[in-house]
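Same chain, two partners: chain A is paired with chain B first, then with chain C.
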Partner chain A sequence: MTYLKSRRFIGAAFTAITMLSITRTITGNGDLTSTVTIAQALVFASPIALAGLAGIWAERAGVINIGLEGMMILGTFGAGWAGWQWGAWAGVLAGVVFGAIGGLLLAVAAVTFGVDQIIAGTAINLLALGLTKFLAILLFTDAPGGGQAQSPPIKGDIPTYTIDAIVTPLTALHDKAIFFISDLAGLVAGLFYHLSLLTIIAAILFVMTSYLLWKTAFGLRLRSAGENPWAADSLGVKVVQYKYTAVVFSGMLAGLGGAYLSIASTIYRNGNTAGRGFIGLATMIFGDWRPGGTAAGALMFGYIDTLRLIDTGNQNVKGLILLGAIILFAIGGVMLRKAKRNSAIGFLVLGSVMVGAYFSASSFPPEVAQVAPYITTLLVLATASQNLRPPAADGVPYRKGDHH
Partner chain B sequence: MDQNALAVELAGIWKRFPGVIANSDINLKVTAGTVHAIVGENGAGKSTLMKILYGMQKADEGTISINGNELVFSSPADAIEAGIGMVHQHFMLADNFTVLENIVLGSEPKSGVKLDFAKARKQISDIAAENGLAVNPDILVSELGVGDRQRIEILKVLYRGARILILDEPTAVLVPHEVDELFNTLRDLKKEGLTVIFISHKLDEVLSIADEITVIRQGTTVGSVNPHTQQVSARDLAEMMVGNELPTPQSVGDTIREEVVLKVDNLSVFAKGGKAIVDDISFEIRAGEILGIAGVEGNGQAEILDALMGIEVSTGTVHFKAEDISNQSTRHRRELGIGFIPEDRQRQALLMEAPLWENRMLGHQTREPNSKGFLLNPRGAKADTKRIVAEYDVRTPSIDVLASALSGGNQQKLIVGREMSGDPKLLIAAHPTRGVDVGAQAAIWDHIRNARQAGLAVLLVSADLDELIGLSDTIKVLLRGKFVADADPATVTPQELGTAMTGAGKAA
Partner chain C sequence: MNLRRIGTSLIAPAIGLFVSLAATAIILIVIGASVSTVFSSMWNYGTSPRAMSLMLNLATTYFLSALAVSIGFKMNLFNIGVNGQYVLGALAGAVVASNLTLPRIASVTITVLVAMIVGAAWAGIAAWLKVARGVSEVISTIMLNFIAIGIISYLIVRTSIGTETSLNVRGTKLIPESGMLRGVALLDPGTPIYGFFFISIVVGVGYWFLLNRTRFGFDLRATGKSATAARTSGVQSNRMIIVTMLLSGAVAGLVGLPYLLGETGTYSLQFPTDWGFTGIAIALLGRNNPLGIALGAILWAFLDISSGQLILEGVPREISTIMQGLIVIVVVISYEVVRRYQVKSEQTSVAKALEKQEATV
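Moving on to the complex of A and B:
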């Protein structure tokens, strides 16, 4: 089992690097796999990944958490406010606590009072947005360096690590532009370049979640609350307690994701989350409600975001389009071999359109890349939704003793 | 253990729900080491009583004594602690979990914080081997059929070390040979000193397995009999349950007419991998004819019905009277006058969280009396729901309660009433009386027979072979998606039919 899993992981990584490498070779754009790109992609990916992980916790216990965005907003605010006064670590802590309050609110509404979970989540999003805007005006307007829509700078920093012994030679190797080798070198070097301790914590949380939810009795019980709470109840599992735990922890993770954003931009700013809570939700679905796939989805979003933002000659987006085409062709090929002709044709046609676009235009505006992650998620949903296994009682209100 | 020691004693149990008294002054004594049956009509309060004994619901009044000690249960955990286990009427399994996960949930073996999967696997296979309940612990429950699911439910209970086992209508979903297997298991458990409380409507079964029978009528215990020492027949029990004389269900007259109502040619349904679940079958049903399909569950019955209703993708052609409806929508088919009683009432026939009158409109939302032109007509729907409740004897405090508040048999009566409304020409029915008690069963049969007299064509799937033989004009045996034999309901016995269904022999 583990052997098979690790083999699949290595296979997937190998395939991904090969595709990146092909794209890099054709476009001659070294940025696609450079150390800096990868390091930045991790920074962009982490908050999204944390939001996705937060989604996993809540939904595995059967509570749809559309309020992730709001909990993230609370996290960004908490981090800005406490970080400005007592330093970055206090900011992280406050972000987590504020997120937890958002989670608790959802738990009370959705679990105790059985309010429709979509409505409760949406209410939290609106509430968080309004409350933080109001508090920002109240607390930051007259603060030195602050303003109506942003906090003063966060004091101090979260440590980041660069291991020169790895980064310097590998970056040099990347610049040699050797097929596969250089790209692998760039990817690895990126992992050790300005790596934030918060990113490491996020990674640990992912591993911890996999273990806790799928290998322990605690996790089995928590997931049973999302699969069939009535069965769980009939076996003496304290369903409500597990739902509360899960949703509050979900809020903490989303809050941490928000704090990450504020720390990365050194201040709290209104609207800094920019829908990342929802993107996190999308990565969770992309990842089939599992940590591994969710992390992969978040990395994809982070990577695309990075290329879009560091795009100097509008060449990165062009590269992305070619990469997308190559991926579509690869999937189309797999589908052909599995004798799914119709899906295969769909992928191949779409791939050809993208290749056509690649060769017909000399550059693309960055906005094109902005929609790419969403299209990818849609594609995943359209093609893989039959194989997705969401928790069976996800979003179903649970009242004790109600089921016949 | 003392031969006559009481494993369970319930005294003066009362339980009230808004508008209903589910249990009123129930007294029950269960001797240790016996199989004790509880029988009663739908809505008599059997499940409620068992949920009270299992700590899922709290009695308003009354006491529970287990092995002579008076106990108070505030949750199933307390009941489990006291050695009680329950297999529910509707299975309580998580489909996306493996067999192992379902069994150990709530009492997991651990090493440190880790769930000890190896130990769990060993414990389960030990218990399974001891009791002849073979299962693969690592398979997902969603891939299993009803018989296997029930075995898992029993394993779940044994795994927790239960000495007192409650089975709520365990045979309602089983075919005859599965029932035999279950009874063998129960006899084994009894031999090991366990006490079994067994709820059923099927009185022949009760008589064959029970050491003692308690009858509940309208929430109260009306008597106990010991079939070993007293002469009782199924009919005696039924009359105790209902409280008056029963109508006799029988008499088959020939009502088949010339007109072909349903004509199916070369129908196939394929599974994801391309395997045929329904394999190129053809048949026709005339007006006034009931065609019965016999088969072990999972041989393609559900798929045939879904395909005929246009819910499942299929190949082949389906004609309703002269019209080719192969490519028509489900709604169009229903509007033509096809009624549908699906296999899984909670999944396909009802909105559990909607009131009865809204459920009355389901599938009939475009027709009188539920709509007027473009708009829905709640008033008409409500009035007609009242009619169904009265005609089909649906036991409910009002038509505004949620479908989930009805007992299973009463939900079924509502569905049958709905599908028989609006003068259908063809009824496609799976297990029309599943979970319904004897009295109501006879009434539903009468409704179907009367409609047949008036020209209704019926496609009937049922696991109850007596029902199938009693109602059908023609029986076809379905095995792995193909019709493998025909049987004449006038001469075939349930045993012969059961054998043919497993592919072991030919029906008469």
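Moving on to the complex of A and C:
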């Protein structure tokens, strides 16, 4: 099983690098796989990944958490407020605690009172937005370096690591522009370039989640609360307790994601989350409520965001279009082999349109890259949602003894 | 019986209002502001003719947004995409209206139709994805919101649809005065009440009629209560999903128009883009009932407008957002508690009646 899994992982990674490499070779745009791009993509991906992981925890226990955005907002605020006064680590801690408070609120409304979970989450988003804006004006307006909508700079920093012994030779190798090898070198070097300790923590949390939720009795019980809470209850699982644990931990993770954002931009700023909680939710669905797929979805968002923002010569978006076309062709090919003719034709046509666009325009506006991740998510959902399997009792209010 | 039901349905909002006022008072005390001064200042300004006019105008927007959301809610469809639907509808309306030189009634009618069609089309994508591909509308409408914002910023920043309007803000060409619907000055001579205030009343009545007096409305409510039961009785649920989403999107297309045709005359990059979320909250407060939604919209707008002068008292106006958030969360919890109480009291009364019957037998 593990052997098969790791083989599949290596296969997927190999395919991904090959596609990137083809794109890089045709476009001649080294930025697509450069050390800096990858390092920055990790920074952009981490908060989204943490939000997605937060979603996994809540929804695996059967509670839809659309309040992720609000909990992230609370996290950004907590980090800005505490970080400005007592340093970056205090900021991280406060972000986690503030997120947990948001999670607790959702648990009280959705688990104890059985309010519709989407409604409760929406209310939390509203409340978090109002509360943080209000407190920002009160606490930051007169603070030196602060303003009505932003905190003073966060003191100190979370350590980041660069391993020169790896980065320098691999970056040099990347610049040689050899097919596949240079791209692999750039990708690997990016992992060791200005790598934040928070990113490492996020990665550990992903591994820990896979283990806890899928390999332990605790995880089995927690997931049973999301699949069939009544059956779980009949077997003696304290369903309410598990749901509370899951939702509060979900809030903590979302809060950590928010704190990551504030630390990365060194201040709290109103609206800094910019919908990343919702994007995290999308990556969770994209990843079929599992950590691996969720991380992949978050990396896609982070990668596209990076290419859009460092697009100096206006060529990165063009590269992305070609990459998208190659991916579509690959999926179309797979579909053909699986004898799904209609889907295959859809993908091949869409891929051809993108190739046509690539060769007919000299550059593309950044808005194309801005919407690309969302369109990709819609495409993935449209093709794969029959294969996605959310927890069976996701979103269903549970009351002990209340049979369905 | 009916009186009792009305009573219990009013209890929840009353509790919500009370708790949120109490919590707000505590917050104000903590930050060292005078509770009575703040509340009386909000009340005094909020009840002035000018503020009342502004409030009704804003409530018009909120009302339409909440109606759009609640059409979906009635069928257990969660249209989070009102944001995307209305911004695209308003933009399309602005572009068309700015190129029309027709009498007001013709121009406004065309603008309204265009906005509704565009809103419905955007919602239609989510409907199609749900029916044909099984994609949850919650997530697809969220994605479509982001995409709509991207499309709009592209059109306004990079194409000839956008021009420099004023203060370095790009927006659509100004709509000629003959295409505007500024409204009538009823309360305050300087602040007319939008024409759309009256149109929204018509929309509200239409909503009530459609849901409660037509076959379609019956099917829609039946599907919302129990999709399987409705299907068994011959309702085509896929068709219902599509029609409901299209309707919801069409009403959502109207949301931006009161402000566009009553105030700005241009869709610029500063046009508000989050009225859809407000609509969700108000639909919850109003329990998807047009009258309840109207009251919720007025309350929401009152808090928004009356907090406008609070900064004079040294209190950030965002206190109103906190109040709104608290009201929503407390009200939805109270609705649930009241519902449970009702179910329980019904069960005990039935049990009692049965006992009596058994005793007589």
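Throughout what follows, the second predicted complex is superposed on the first by the 403 of 404 C-alpha atoms of A that agree within 3 Å, B and C clash if a C-alpha of one lies under 4 Å from a C-alpha of the other, contacts with A are read in each partner's own complex, and residues count from 1 in each chain.
As a convention for this text, a residue touches a chain if its C-beta (ideal position, glycine included) is under 8 Å from a C-beta of that chain, and two chains touch if they have at least 3 such contacts.
None of these values were measured; they are calculated from a predicted model.
Engineer: Is this a clash or a fit when chain B and chain C both end up on chain A?
Structural biologist: When both complexes are placed onto chain A, chain B and chain C end up clashing with one another.
Engineer: For A:391 in the superposed arrangement: first (chain B), second (chain C), both or neither?
Structural biologist: The first partner, chain B, only.
Engineer: Give one of first, second, both or neither to describe whether A:113 is in contact with chain B, with chain C, with both, or with none.
Structural biologist: A:113 contacts chain C only, not chain B.
Engineer: Where does A:232 make contact in the superposed view: on chain B (first), on chain C (second), on both, or on neither?
Structural biologist: Touch status of A:232: first partner only.
Engineer: Quick one: is A:134 in contact with chain B, with chain C, with both, or with neither? Answer first, second, both or neither.
Structural biologist: second
Engineer: Name the contact category of A:220: first (chain B only), second (chain C only), both, or neither.
Structural biologist: first
Engineer: Once the structures are superposed on A, label A:290 by its partner contacts, choosing first (chain B), second (chain C), both or neither.
Structural biologist: In the superposition, A:290 touches no partner, neither chain B nor chain C.
Engineer: Now for A:340: first (chain B), second (chain C), both, or neither, which partner does it touch?
Structural biologist: neither
Engineer: Identify which of chain B and chain C touches the larger number of residues of chain A.
Structural biologist: Result: the larger residue contact count on chain A belongs to C.
Engineer: Which listed stretch of chain B (362-370, 380-388 or 434-442) steric-clashes with chain C in the superposition?
Structural biologist: The segment of chain B occupying space taken by chain C is 362-370.
Engineer: Quick check on my understanding: which residues of chain A belong to both its chain B contact set and its chain C contact set?
Structural biologist: Touching chain B in the first complex and chain C in the second, no residue of chain A appears in both lists.
Engineer: Using the touch definition up top, name the residues of chain A that touch chain B in the complex.
Structural biologist: 215-221, 223-224, 227-228, 230-237, 389, 391-392, 401-404
Engineer: Given the complex with chain A, which residues does chain C contribute to the contact?
Structural biologist: 31, 78, 129, 133-136, 138-140, 142-144, 146-147, 150-151, 153-154, 157-158, 277, 280-281, 284, 316, 318-326, 328-329, 332-333, 335-337, 340
Engineer: Over in the complex, which chain B residues touch chain A? Could you list them?
Structural biologist: That would be residues 47, 51, 54, 56-57, 75-77, 80, 86, 88-90, 92-97, 101-102, 104-108, 110, 113-115, 156, 404, 407-408 of chain B.
Engineer: Show which residues of chain A lie in contact with chain C when the two form their complex.
Structural biologist: 66, 105, 109, 113-116, 118-120, 122-131, 133-134, 137-138, 275, 278, 281-282, 285, 365, 367-368, 370-371, 374-375, 377-378, 381-383, 385-386
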